[in-house]
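Each of the two complexes below includes chain A, the first together with chain B, the second together with chain C.
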Partner chain A sequence: MIFVRIWTLAQNTVREAIRNRLLYTLLFFAIALIGTGVLVSTLSYVESDRILQDVGLAAIRLMSVGIAIFVGVGLIHGEVERRTIYTILSKPVSRVEFLLGKYIGLVLTTWMMLGVMGVAFACVSLATGAPLDSGHLACFFLIGMELVVMVATATLFSAFTTPMLASLFTVGVYLLGHLSRDLRLLGEQSDAGAIKPVVSFLFEVLPDLESFNVTIAAVHQLPIPTGEVLWATAYGLGYATLLLFLASYLFARRDFR
Partner chain B sequence: MASEVSEVVRVDGVVKDFRPGFGLRVKRVLHGISFDVKRGEIFGFVGPNGAGKTTTLKILMGLIRASDGRAEILGSDVRETDFRKHVGFLPENPYFYDFLTGREILRFYAKLSGVPAASREARVETLLEWVGLADAADARLRTYSKGMLQRTGIAQALVHDPDVIFLDEPMSGLDPIGRMEIRNLILRLRGEGKTVFMNTHILSDVEMLCDRVAVIVHGRIRYEGRIESLASEDGRMSELVVAGIAPDIAQRVEEEMQGELRGHGERIAIRIREKDVGDALQLVLSSGADVLSVTPERAKLEDIFMTAVEADQRDAAGDGAATETGGEAVR
Partner chain C sequence: MHILGGIVARRLGIAVILIAVVVLTTAAHRRLPSAVRTQQGDDYVPQPQFAKAMSLGFDAVHADYYWVQAVLLAGESENPQAESKHLGRLIDVVTTLDPWVEHPYRFAAVWLIDSLDDVRHANMLLRRSFDYHPDEWRNRFYLGFNLFYYLEDNAAAADALEEATGMTGAPTYLSRLVARLRSESSSLAAAGLFLEELVRTTEDEAAKADYQSALDEVQIEWRARQLDEARENYEKLHGRDIEFVEELVLGNQAVLSALPDAEPSSVPASLRRGSKWLLDDETGAIVSSYYNRRYELHIDEHDPSRNRVVSERKREAPENQGEDSDGV
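Presenting the complex of A and B:
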């Protein structure tokens, strides 16, 4: 029964997204951005395929994470604000089930969006004769794993704060998450004694989102080791699980006044 | 089995403190309240705005946590969730996913409540018929009127055929017809053996529907007792307004039934014991006079309510006077 309830909540979250016109607008912009890659690539005589795919994948990554953050930060807050949570929690639904249902629903939604953008990317690549291979598939898969982490981050902040603060925190985690390797390097090279432990702590706590970024390898058709993909998958799932544990802990203690 | 417990709801010494803002200051909104609700009764939880009614109900629904004390429904701690398959809840001014249709939202709640797939569709259709939404079942909820949303709220609260139903201000914002429909529905639920907990500040609804009542003022239960016992103290009174009554008939009503007559001329109001209403009507009608209205007097609960509020004000003023309303229990 637990899985039925979680799945029912997830399905409903997906349905809400499908019936939300705003998401279609975002999706349209994403596809338009992928299309602009064609224009940008014509500006260069060399490596136009790579420029096309670079722009396309960057647009997909940006818009996917944008949608995840945009919807994710209001995921729980919206339910409390609109008081739809009252009738749901009065049913035999625990708060953890509610949180997981909403989370899974949003992950599925972002994956669906990613799928549509992937199809648009493939169409543009095929139409322009740009190469497509398993590296691109791995790249999309890892963008999907990054979304697993980012939706969990947005859900965590949405579980205890307002959408505005949750947006700031989630965007902050996203930016720092992509810089965390640079931060560690900075710490290692720094002479200041206090910086090293702080930077090291940040590296340990923040998600290493560059683990999910194989865009350069995919675009340049470099080999992407399976082990690297598997490790990133395990890391993403583990990190998201930890975030959801924390979100559940905080959410379980909330009063819905 | 939990649902065999005779006390369906038990609230024991429940305290709720809130911390407004980020300071250390604590605001106590429930001061150790206690009451219980028996199986099969309609229980009215009455109090002025801000008394703590909704806070209490939210604790019972697991939406907020009590700071101290214990609250149980069907023998289970309200922090648990499994027993909620026997519980229905209609919040005040309910909100639903407005992107869903009436039929979809009931299916959604039926699934969450564990209604078996085999009987789910039939149950949803029955509820849609029952609350009069069958014709609008495929319209999105964003197109529903307030009354239709309230009826959707009732339907979702009943979709899993619960044993106990909690209603928070169920008449809120409804027109007279809508209120009558909800009243009939509540009486129907009692007829089916359900227990109904009703949060309201409309005393006439409580007197009309409830078996027992608790009055809460500023987070303290000031009265708990049966509705009939309120009336049996003096006997309920009713007022008859009649037109064209002959003087000798009026005199008989006054003398034989201890009726109190007011007014003169064509239209007269007669205040009479409720048990004598039938005889008085027979007498008046057989004399050829017209009966314009029969209104039962329901001032007793209002008196208790006002006494409770005044007692609270005295306590707040610090005179420490004991609260005394003549009811079964005053805390």
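Presenting the complex of A and C:
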């Protein structure tokens, strides 16, 4: 019964999200950028397939995260602002179920958008003769896992703060998540004794978003070990679950008055 | 009527303001430099590790950005070798951000030749490629060429080529080239083999033309050496030196049946100048009127950058001068 309620909320969230104009604006820019890759690749007299796909995958990753952040942070706030949250929570729906429904709905929305962008990417690649193989599938799958984490992050922040602050915090986590490996490396090379444990702690706490980044391997058609994909999936699901636990805890104590 | 007139006037006012803003914006934009950074002379390139950290996971597309900058810089410059330092920094960033790239390593080998330091930088980049493209024989070939042609380190060049010999796609003559480098007696033949392969495989058209030009000189030098041998035979036979080159093929006791072509084979018929073999007024050596000099260390008055390399090499290792007498 719980799952049915969560699924109903998720479906509603998808319906609500696909009415959001911002979604289509970001999708338009993503597809335009994938197409721009064709122009950029002509600037190089060699390896143009690689450049085309580099630009395409970068556009997809950037715009997917943009959708996750900017559409995600407004979902709960919208319900509060329109006061529909009171109606929903007056029904036999708990706050945790509401939050999970919103989260799953947004993940599904971002995956749908990822699918649309993936089709555009595949069309451009096929039209230009750029190679496509299972590495690209693995790459798209891991972008999807990164979105699982980023949507959870956006949900966490939107559970207790305003959309503006939630956007800023989520963007910050995204940037730090891609910097965390470099931070750890810098910490290991630092002579200051206190730095190393601090950056090690940050590395463990912050999401290691580079775990989901296999774009270089996909474009160069390098082998992507199945084990690596599975561990990254487990890591992403685990990390998102922890964030959702925290989000549920904060959301359960939030005062909507 | 009065209200309607007011609305029209207001809309006209807004339209005028909008047009003025468009005109001003366009005028302001046209005053801004439109060239890309490298064309504006901006040679700032971040440290590779810093660029990697700042890529925030977009390493591949960041590498593409710097690669396109390098291609534009080499393509727009009249003398790309003079941009060696800048190109070297760009390729260092490209290959740090995405070490699996293929062509940029060989691009560095082609253009980083303005000084011996640049050549060594190119060699460092080529060696970096070995970890990511362990089966790519061409990178080892370019390293071998750099070591042989610019750094005159035949032993190291032979070592680099030896590693390439068993790799997929490597030409069968590489082992012959290794033997020639080891013997240190046929540098001209080695240079010819190197340059033939570079002409065949280089993707960059400007670089290909440079290599073809060097190969043409090697070919003419090869023929000039055949004439030198014939000249020695003539002297032994007649007890005197020739007064003009045609004497080698004249009379009953000619030492050659015909003189070789004095122009490179690659020159199309429409561009042939009717060049001849002459005795140089100053040195007395047999030269083709196509070049009016003998091939030596590929010194070309039209190629100051390579002259700098040669003079620097002589400054750095005066004790090695003249060791490689056939001068490649």
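Here, the second predicted complex is superposed on the first by the 257 of 257 C-alpha atoms of A that agree within 3 Å, B and C clash if a C-alpha of one lies under 4 Å from a C-alpha of the other, contacts with A are read in each partner's own complex, and residues count from 1 in each chain.
To be clear about the criterion, contacts are C-beta pairs under 8 Å (C-beta built on N, C-alpha and C of every residue); 3 or more make two chains touch, one makes a residue touch a chain.
The structure displayed is predicted, hence computed values, not measured ones.
A.B. asks: Chain B versus chain C on the shared chain A, clash or fit?
C.D. replies: Pair status: fit.
A.B. asks: Who does A:5 touch here: chain B (first), chain C (second), both, or neither?
C.D. replies: first
A.B. asks: After superposition on the shared chain, which partner residues are touched by A:51: those of chain B (first), chain C (second), both, or neither?
C.D. replies: In the superposition, A:51 touches chain C alone.
A.B. asks: According to the stated criteria, A:255 is in contact with first (chain B), second (chain C), both, or neither; which is it?
C.D. replies: Only chain B; A:255 stays clear of chain C.
A.B. asks: Between chain B (first) and chain C (second), which does A:77 come into contact with in this model arrangement: first, second, both, or neither?
C.D. replies: In the superposition, A:77 touches no partner, neither chain B nor chain C.
A.B. asks: Would you sort A:102 into first (chain B), second (chain C), both or neither based on which partner it touches?
C.D. replies: Once the two structures are laid over each other on A, A:102 reaches no partner at all.
A.B. asks: Touch test for A:86: chain B only (first), chain C only (second), both, or neither?
C.D. replies: Touch partner of A:86: chain B, not chain C.
A.B. asks: Using the superposition on chain A described above, determine whether A:136 touches chain B (first), chain C (second), both, or neither.
C.D. replies: After superposition on chain A, A:136 lies in contact with neither partner.
A.B. asks: Is A:178 touching the first partner chain B, the second partner chain C, both, or neither of them?
C.D. replies: So A:178 only meets chain C here.
A.B. asks: Give me, in Å and rounded to a whole number, the least C-alpha distance separating chain B from chain C in the superposition.
C.D. replies: 30
A.B. asks: Return the residues of chain A at which the contacts from chain B and from chain C coincide.
C.D. replies: Residues common to the chain A contacts of chain C and of chain B do not exist here, since the sets are disjoint.
A.B. asks: Which of the residues in chain B come into contact with chain A in the complex?
C.D. replies: For chain B paired with chain A, touching residues are 18, 58, 61-65, 81-85, 87-89, 91, 94-97, 99-100, 108-109, 111-114, 153, 156-157, 160, 166.
A.B. asks: Quick one: which bits of chain A touch chain C in the complex? Just the residue numbers, please.
C.D. replies: Against chain C, chain A makes touches at 40, 43-47, 50-51, 54-55, 57-58, 61-62, 175, 178-179, 182, 186, 209-210, 213, 215-216, 219-220, 222.
A.B. asks: Report the residues of chain A in contact with chain B in the complex, numbered from low to high.
C.D. replies: Listed in rising order, the residues of chain A that touch chain B are 1, 4-5, 8-9, 12, 15-16, 19-20, 82-94, 253, 255-257.
A.B. asks: Using the touch definition from the top, list the residues of chain C that touch chain A in their complex.
C.D. replies: Contact set of chain C toward chain A: 52-53, 56-61, 63-64, 67-68, 71-72, 98, 100-103, 203-204.
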